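Same chain, two partners: chain A is paired with chain B first, then with chain C.
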Partner chain A sequence: MTRKQRFVSTVLPPVVVLILATAGLELAVRIFQIQPFLLPAPSRVAGALWKYRDELAISLWTTAQAALIGFVASAVFGILLAIPLSAWPLARRAFYPYTVFFQTVPIIAIAPLLVIWINPGLESTATCAFVVSVFPVIANTLTGMLSTDPALVDLFRLYDAGAWARLWKLRLPSAIPSIMTGLRIAAGLAVIGTVVGEFFVGLLGEAEGLGVRIVAANKVGKTDLLFAAVLMASLLGLAMFAGVNLAAKLLLRHWHASEKDT
Partner chain B sequence: MMKRLAAIFGGLLLTMLAIPSPAGTSVQLTLDWKPEPEFGGFYAGQLSGAFAKQGLDITLKPAGEGAATWQLVATGKTDFATTAADQVIIARQSGADVIAFFAVYQTFPQGVMVHKARGFKSLRDVFTNDGVLLAEDDTWLHFLLKKFGTPKVKISAYGGGIADFLARADVSQQCFVTSEPILAKNQGGDPQTFLIADEGFNPYTTVVICKGDLWRSNPDRVRAMASACREGWRAYLDDPTAANSAMHDLNSDMDLQTFGQAAAAQKALIETDETKLAGLGTMTEARWDALCGQLKDLGVTDQLAKGGECFVNP
Partner chain C sequence: MERLASDAIALRLQSVRKTFPGGVEAVAGVSLDIKAGEFLAILGPSGCGKSTLLRLIAGLDSPTGGSVELSDKLERGRIAYVFQDAHLLPWRNVLRNVALPLELLGIPKQKRLASAREALERVGLGDALRRYPAQLSGGMKMRVSLARAMVVEPRILLMDEPFAALDEITRQALDEQLRNLWLKERMTVLFVTHSTAEAAFLADRAVVLTRRPGRVVTDIAVDLPVERTGPLRATAQFAGVIRLLYEALTKGGA
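On to the complex of A and B.
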């Protein structure tokens, strides 16, 4: 396959789905005369995207900052925590159950505490993004570290490799596909965590994030603006997901099977 | 044989027509929050039989955050609902034919609660000083921001409750004068409340709405509903005890003492000099027009709505 063919075969299918779905929705709204407050037609949402482009751009930037900070914190903390947990079974038994806390805690329960402990705004929304997105990084990294090929482990032992070498040269590299899976999940969750966090602890005013804008648009019945803001949040999630994929490709393409061109 | 059958059926038919069903027409009123004193008059009316007297078999249905109640009315999921006057204008502008016909609060009960120790004299002080203001991104906030200019206070989304207010001396927050200030005081806080209405933004609140179609096709149903609401609210203002304990059974989050305090606190917002003349729940076109103008100014609505189309005094 040439480069061009490959591009067409990967990009075309989702674009066709998008066009068909959008056209179908537009037609349905027009034919059944669905009222805008129930479901705005894609053309109306596009209109809102254009009309509120300045505000939405600022909101996107505000949300993106928090989501990125939360995501990077999740990646660093999650991987750094999972490594010792994988090496020491006792530590794993002691701490792993508590990491589930991050997965189950409802943001609404800790939002008031964030205002008391930290401050409303970026610090708090980034914390929400972190809380929501860290667990998949821990869980996937741990799984990856613990599923090293036993034959290779034996081989390393045979050659008398030290603990450090086993970690750096064997366990960590073989865990990379799992780690990337964790990061991909975390990228989307970081956006959700930020938007939900903004419902409760986001700053209002000029630089309000997408979450604040979604609530405000709902309050004044501007469903088209609401959908436009949701669309921006989805695009942000998609961009972060693509970013993780790209980073994986650039970093690993020369030596890891999971990122070799297929 | 046929004659006898006809007589039996005829007789049956007559009895069915002659005895009105004791339950009356069943109607549903969806409330835009949990059973709390802001809805006391509706529960009082249910208890005292004010709705039954009008031939209405009422179901009161509390709702939480979620779909705007006007959407439920517009889509026929409920007959009646409570909401705020600005929401009625927004609904109409979105193409939903809903109208208001009874307003519980003549004065907007929304306020901002601050720590008394900060020595603020008015709402302006909240905006021109440091600290944090917890508020929802709502129309009244935009009104105040326009009036006071770029704020010095950091405004943050409000997730509910009073925990942050109690924990931090620099936190102010939005409140319903009938709710959070009472809770804060009961928990040892030092709340001082400024009403948004005093700054010039004063939409009728907890207004009862129905489809415009219902008013045009069956005005008597709307009149009956308005009369029952009025009688219920009269009863609640005179003695809220029974309705409070009925609501407390449904909503144990709020204790009975707080129910009593809230009922007392809201009296002056419901019964005013105007309602003493015109009757509880009545509204004026001038006030609706003023609100329509403010919503247009703030960019909430694209076109200037006509106040007279938004409500009736049945």
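On to the complex of A and C.
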């Protein structure tokens, strides 16, 4: 397959689905004459996107900052925490249950508290993003580091490798594929966490992020604006996911014969 | 691990036992003297404790009874181990994979890369230095693994069914290459295999172990020419050695 053919065969199918689904929705809304405040037609959403483009751009930027800060904090903290947990079984037994806690916390319940405790604004929304996205990083890094090839561990022991060499030259690089899986999940979750945090920031009058926009649009029945904001949030999550994917591709380009450049 | 005073003996096993926690007895009293520069095949059915024996010799595990004694002359890092599969680091190219043992032993960069290049030349991979494991065939990966073992100029080379996963033709080619390497370097080789043909072609001496727990049943001197090439496999003499090994293996309960 040439580069062009491969591009067409991977990009074309989802694009066709998108066009068909959008057209179907447009048609259904018109035929059944659904009220715009219940379900706006895609054309109306597109109209809202254009009409409110300045406000939405500001909102997108606000949300993107918080989601990125939360995501980077999750990546750094998650990996740094997983290293000692992987090295010491006792530490793992002592702390791992509490990292699971991060995943089971219903963010919707604690977000209002975080907003009050920290500050309504970037700090609290980034914290929400961090809380929901840190667990997959810890869990996946840990899995990766604990499943290092035992034969290679033996090889390192045979040549008297110290703890530092084992970590840097074996355990951490072995875990990269798993770490990347964790980061892919964390990227999407960080955006969700931020938007949820913003719901409550909005209640306190700081009108900026996409979440704030969503709540405000909902109150006044501007469902088309609501959908436009949701779309922006999804695209933001998608962009962050794509960024992690690109990083993974660069880091792992030699690992699999399938990913080498042709 | 104790040290031997004599130079002629590279390795002495005295009633070596290994029982794993949980009560599985893998090795039950193996005693062996292995001469320096000897090519020894360890032959036995699956699960006879062959791999355990190698791990005990490498010091990766300690015996629950008996002793493993190594020659006085053996310096640190001069034992090499080749596993059943190549086990290369996928994020390192061939050259840096081979240089790894020297890197862990703290040899300076220039020196270790030069040694790695030389080791790769010796296994016929001098032109694949910059390639990554994912781009290599099974046979090439195994040769990289062999080069990684040879790079420390081992006095003792432990090999645990290293070519078992390869096709017959590649395997025979690698057997021949290994035998030639040994003729040049004369390190002590302990080669674990369950193939009588491989043991006959490679070794000068073969010991046969029983099914678990492993015990030595036969110690056979392989009476074949020192220089061995492909055509030897078709001779009556070779067939005779294989029959001898086969009978010993059958006696051992395989």
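Rule of thumb we're sticking to: the second predicted complex is superposed on the first by the 237 of 262 C-alpha atoms of A that agree within 3 Å, B and C clash if a C-alpha of one lies under 4 Å from a C-alpha of the other, contacts with A are read in each partner's own complex, and residues count from 1 in each chain.
Here is the rule we use: contacts are C-beta pairs under 8 Å (C-beta built on N, C-alpha and C of every residue); 3 or more make two chains touch, one makes a residue touch a chain.
Keep in mind that what you see is a predicted model, and the values were worked out from it rather than measured.
Enquirer: So in the superposed three-chain picture, is A:201 touching just chain B, just chain C, both, or none of them (first/second/both/neither)?
Expert: The first partner, chain B, only.
Enquirer: Just to be sure I read the superposition right, which of the two partners does A:243 touch: chain B = first, chain C = second, or both, or neither?
Expert: Neither partner.
Enquirer: Looking only at contacts as defined up top, I'd like to know whether chain B or chain C touches more of chain A.
Expert: So, of the two partners, B touches more residues of chain A.
Enquirer: Going by the contact rule set out at the top, does A:155 touch chain B (first), chain C (second), both, or neither?
Expert: Touch partner of A:155: chain C, not chain B.
Enquirer: Just chain B (first), just chain C (second), both, or neither: which does A:38 touch?
Expert: A:38 sits against chain B, while chain C stays out of touch.
Enquirer: Is A:173 in contact with chain B, with chain C, with both, or with neither (first, second, both, neither)?
Expert: Second partner only, chain C.
Enquirer: Examine A:121 and indicate which partner it touches, taking first as chain B and second as chain C; both and neither are also allowed.
Expert: After superposing on A, A:121 lies in contact with chain B but is clear of chain C.
Enquirer: In the overlaid three-chain picture, which partner chain does A:165 touch, first (chain B) or second (chain C), both, or neither?
Expert: second
Enquirer: Classify the contacts of A:254 with the two partner chains as first (chain B alone), second (chain C alone), both, or neither.
Expert: In the superposition, A:254 touches chain C alone.
Enquirer: Does any part of chain A touch chain B in one structure and chain C in the other, and if so which residues?
Expert: none
Enquirer: Show me the residue ranges of chain A that touch chain C in the complex, using the header's touch definition.
Expert: 149, 151-152, 154-161, 165, 169-170, 173, 176, 252, 254-257, 260
Enquirer: Tell me, which parts of chain A touch chain B in their complex?
Expert: Listed in rising order, the residues of chain A that touch chain B are 35-38, 108, 111-113, 115-116, 119-121, 198-205, 208, 211-213, 215-216, 218-221, 223.
Enquirer: Which of the residues in chain B end up touching chain A in this complex?
Expert: Of all residues in chain B, those touching chain A are 68, 71, 74-75, 87, 90-91, 93-96, 132, 134-139, 141, 145, 151, 154-159, 161, 163-164, 167-168, 171, 300.
Enquirer: Applying the document's contact rule, which stretches of chain C touch chain A when the two form their complex?
Expert: So the residues of chain C touching chain A come out as 55, 58-60, 76-77, 79-81, 83, 85, 87, 89-91, 93, 100-101, 103-105, 132, 134-135, 152.
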